[in-house]
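Common to both upcoming complexes is chain A, partnered first by chain B, then by chain C.
Let's turn to the complex of A and B:
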């Protein structure tokens, strides 16, 4: 049956790629059919557990195409289909032919290519084909990021994305070619007992974590996610970052892992989580802020994965299983709520034409659907019960708590990790209070914000779908445990076959009760509010007779105290123009948080490289005499090497 | 026999110095042609039983290096109507000093090489290295295209001298092949020189830098 589903999916994707440019309706149908059938196939594998395999009779690049849908691939494929499907519908209204006559058609074509190549990356079982699919998805994502090419910042972001992605591709080329050289074949599969392959994990870790946007390697992420059209941002943040995680999980499951790798992954995770949210607090651009939250959530996933690897090393199945399941479930959760938030931010951008939070405000009244769904996503990403973000973070917490009971260094590492994870959640909550307060509450700060309008049914519908996913996972986490359990079994065969942990059941009941209580309370408040005649006044009146929108907290002032704690890494650029005269004329205060790693680490290194290569260019000037001179020098050096013991 | 050969090689090395010191194109071409003729007759001294093949090669070498190539160069020089003065990048005195130093270094260096006993008494190796060095100095230190061709020829003479070491094991036909290559190369360069002259009104290779990349 899966054969047929996959065939339909492949055919639909091909139709989508070909029809995207000219036949938008056919494209929409083809894309939804393709993602729907792939979703059905993935769910049947996750539910039934029998991996699907297919090997082609023809050859691609000298190797026969080998596809394999096991539960790990299926887990990520489900996410791809849900987020991809929602964003596909969303894009029909968001990036229309009328508003973007130049780029809408090509955008649809590249979108299909992106979805298809992502699916291929998840399915292929051959190093060569993995690289081909990986490169395809990198390139199609590049063209999607730069859809709005006339704007300079979009081109700059696209260029940075392309350069960073290719650094990752380079590492992966090294990884797969070395792997193929040592095993003698491009075929991938479980080879855990070959200990000599362990050092290759470091290459994979670099390549995949660059793609996943782990903290020191995230430099490309904020600008690319902020500059891309919102449905593309949702896909990039919700799914393509997870492909990096997929690579890490896949190859830490198939290949032996070097000693200490779990610690490195866990430390990367903690650093990404805390610093990601710190950077997010310093942002004033709505989508850039969301992009930094992706860094944070990837960090949470890596904490789970890292501690699971430590558990594998020490043979502690019980808490390792919990940490891994938490990290894995967070892959789904983050994909859902981050896509929801990006689509919500897209609605705001669509309605007001700006991403600057200092220009927004008071959108709750004009865009109730967007505001409500965005707030739901914000609650989920901040890890508030009864939503899905809390479930996965709870599982990671459970794993860390259980690890503290064990003896040795793991216990000592798990305590600070748990504390920092808690800090991350608190900071994320602060950050989303800031976002929701500044963007949706208060009074509009600009004419554009006051003229905002609610988005149409396609955009609202796709956001509703994602929000529904968040609520379902939050209220009934236990029904997703079998899927997690199958993935655990695919990762480490000894880890599968566990019953749902008791705290997860308890959490589900608690969430259900909380949701019912909250619903009842809301209903009661609504009735009371209707019975008493309420008068509506300005928010945050503060006792002023005639408050203006400029008296409100800005995004910067709201987060000011917290960002000051992180001044050492954020390094904000501040311009302070205080009024000093007795009759003050004007005062001004601007604050801008740059991408510190990019500006203080990557850019100087790039400068040195450019200067060196410019100096080297001076050697090439076209004078034949000097070239002959180089030849003589080269010969002399070779002669010296040979005469002074270079001889074997 | 060895003394005669060494005398010839010594003469060739002397010609190297003259080539480095000469300030006019015609005299440089003359030096190159004299050196070519000297080298051409060397196989006669090395081989004891003269075959018709050997004679043919000797005639071809003497004719090619000593007569045909210089004639081609002179023709190119006349056809392109270039000035006869050489413009050195490395002055004549420094070139001479470099050449002399190189020659001493080559003699000293060849003492340390593990040569066959029958070659130990010969000047072939130092002569070859000195010629190669001289060729390089000319290539690096002179501006005009034709003087560079001369440097190239002297370089090739050095390689030819090395080749003579192997005259017993390598058929002379190989040498003949090398010679043919050089002739064709010089012929092509002669044509290019003519074209360059017509296109740019100069043969100064420094002006060719605009062509790079």
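Let's turn to the complex of A and C:
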């Protein structure tokens, strides 16, 4: 049956790629059919647990095509299909032919290519084909990021994305060729017992974590995710980052892992989590802020994966299982709520034309659906019960607490990780109170914000679908445990077949009760307030008669306390023009948080490389006499080598 | 039948007893200052009065202005249900419920801060910003404190974590938790609940524009949070599990009363700190909890 489903999916994807440009309706149907059938196939593998394999005599690049859908691939394929499907529907209304006559058609084509190549990356079982599919998805993502090419910052972001992606591809190229050289074949599969392959993990770690946007390698991420059209941002953040995680999980499962790798991954995770959210707090561009939160959430996933690897190293699987299950579930959860938030930000951008938070405000009045759904996503990403973000963070936390309780050496890492994970949650909460408060509440800060309009049914519907996913995982986490269990089994065969941790059921029941109680209490209080006369007056502002929207607290001032604590790494650029005269004069204050790693680490290295290259270029100036002179010198040197003891 | 009765008793403890605590604090403060002070039951009168009053809402506010306090109150109620009550144990106990409790407090914070941002007033923005910023350090201290209890007892469930005493690190843990109690409940030296200057407040600045039943819900929730922290502090430090039910009840009541009187005394004897020094004090609380964790670690290893 999966054969048939996969065939339909492949056919639909092909139709989508071909029809994207000219037949948008057919494209939409084909894309939804393709993602729907792939989703069905993935769910049946996750539910039944039997991997699907398909080998063809057809050769690509001299290697026969070999696809495999095991529970690990299926787990990521489900995410791809759900987020991809929602964003596909969203894009029909968001990036229309009418508004973007130049890029809408090509955008649809590249979108199909992106979804199809992402699916291929998840399915292929051959190093060469993996590289080909990887490169395809990198390129199609590049063309999607730069859909709005006339704008300069979009081109700059696209270039940075392409350069960083190819640094990752380079590492992966080395990884797969070395692997093929040592095993004698491009075929991939479990080879845990070959200890000599372990050092290759470091190459994979570099390549995949660059793609996943782990902290020091995240330099390309904020600008690419902020400049891309919002449905593309949702896909990039919700799914393509997770492909980096997929690579890490896949190859840490199939290949032996060097000693100490788990610790490195866990440290990378903790650093990404805390610094990602710290950078997010410093941002005033809505989508850039969301992009930094991806760094944070990838960090949480890596904490789970890292401690799982540590557990493998120590032969202790009980708490490692919990941490890994939490990290995995966070892959789904982050995909769902981050895509929801990016689509919400897209609706705001669509309605107001700006991503600058200092220009927004009071949008709940004109966009109640978007405001409500964004708030749900914000609560989910802050890890608040009863939503899905809490469930996965809770599993990771439980793993860390258990690791501490066992009193082993792991505790020295688990204690700081647990405390910093708590800090990350509190920081994310602060950040999302800021975002929701500044964007959706209060008074509009610009005419554009006051003229905003609610988005149409396609955009709202896709946001509703993602929000529904967040709620279902939050209220009934236990029904997703079998899927997690199968993935655990696919990763380390000894880890499968665990019974669901009983607290997950209790947690689900508690969440359910909490949601019902909160709904009832809210309804009751709202009715009570309305019944005993509700009067509306101006906000009290110490007796001002006419408050203006500019008197509201801004995003920068809201985050000011915390960003000051992180000044050492954020290095904000402040511009302060105070009024020094006796009478009130013009005063000005601007603050901007640049991408520190990019400006203080990558840019200087790039400068040095450019200077060296410029110096080298002086050798090549176009004068033939000098070139003849080079040849003479070269011959002379060769002659010297041969005359003075070189072999005859 | 028994479980229903038990649940009613539990809810009664939390819902009815909670507003007593601010009354006791005010009485202590009045006593130290040599005044007569408001009656101990003042908050009950206030709540009854507010519940009947009409609501004034900002023209900018969305329904979230009213829904926020309601959800925050439910979240606090959920958190207190998870806390074991001395001899009666917890109504619901499972592995990891301690984390659920911490995150329910975070949910309450999110909703209160959301409701504060509704009005677009700079005062409320200021209060919300302070609340969520200082909570970052308080959260670190709470996680460290809970970890130290976990290490001490080898369990990740509140009911067993809180039964024995905190061992050798009890004093450190008590000091750390008490500081967190003061910060999380917005008491002196972090915040002054009695001041009339909006610029210097945290919690009170957030709820400036609330009135009527929503304000009553917020005030009741705040008193429930204070009771939760006092119960947590008492049970973390004292060996509740080793006592007979009767003695344990007495010890619990005594502990809560001591904590409340302590808050009143701190409030009478200390001035509010400048805001630059608040993070320092909270960092001290984090360190105290961390040291308690180290002591528990060493004790457990022996």
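One rule holds for everything that comes next: the second predicted complex is superposed on the first by the 609 of 648 C-alpha atoms of A that agree within 3 Å, B and C clash if a C-alpha of one lies under 4 Å from a C-alpha of the other, contacts with A are read in each partner's own complex, and residues count from 1 in each chain.
Definition applied: a residue touches a chain if its C-beta (ideal position, glycine included) is under 8 Å from a C-beta of that chain, and two chains touch if they have at least 3 such contacts.
Owing to the predicted nature of the structure, the values given are computational and were not obtained by experimental measurement.
Shared-chain residue A:276: touches no atom of chain B or chain C. Contact with chain B, but none with chain C, is seen for A:632 once the two complexes are overlaid on the shared chain.
Once the two complexes are overlaid on the shared chain, A:430 sits against chain C while remaining clear of chain B. Looking at the superposed arrangement, the partner reaching more residues of chain A, out of chain B and chain C, is C.
Within the superposed three-chain model, A:262 lies out of touch with both chain B and chain C [touch as defined at top]. Once chain A of one complex is fitted onto chain A of the other, the partner contacts of A:623 are limited to chain B, with no touch recorded for chain C. Legend: residue contacts after superposition of the two complexes on their common chain; A:560 is shown touching chain C, with no touch to chain B. Chain A residues in contact with chain B (one complex) as well as with chain C (other complex) do not exist. Those residues of chain A whose C-beta lies close enough to touch chain C in the complex are 361-362, 364-365, 368, 371, 375, 379, 382-385, 390, 393-394, 397-398, 401-402, 404-405, 407, 411, 415, 418-423, 425-427, 429-430, 432-434, 436-438, 441-443, 501-503, 506-507, 510, 513-514, 517-518, 521-522, 524-526, 528-529, 532-542, 547, 549, 551-553, 557-562, 565. Residues of chain A touching chain B in their complex: 620-626, 628-629, 632.
Residue ranges of chain C in contact with chain A, taken from their complex: 52-60, 62-64, 66-67, 69-71, 73-75, 77-78, 92, 94-97, 99-100, 102-104, 106-107, 109-110, 113-114, 116-126, 128-130, 132-136, 138-140, 142-144, 147, 150-151, 154-156, 198, 208-209, 212-214, 217, 279, 293, 297, 300-301. Put simply, chain B touches chain A in their complex at residues 89, 136, 139-143, 148, 205-206, 208-213.
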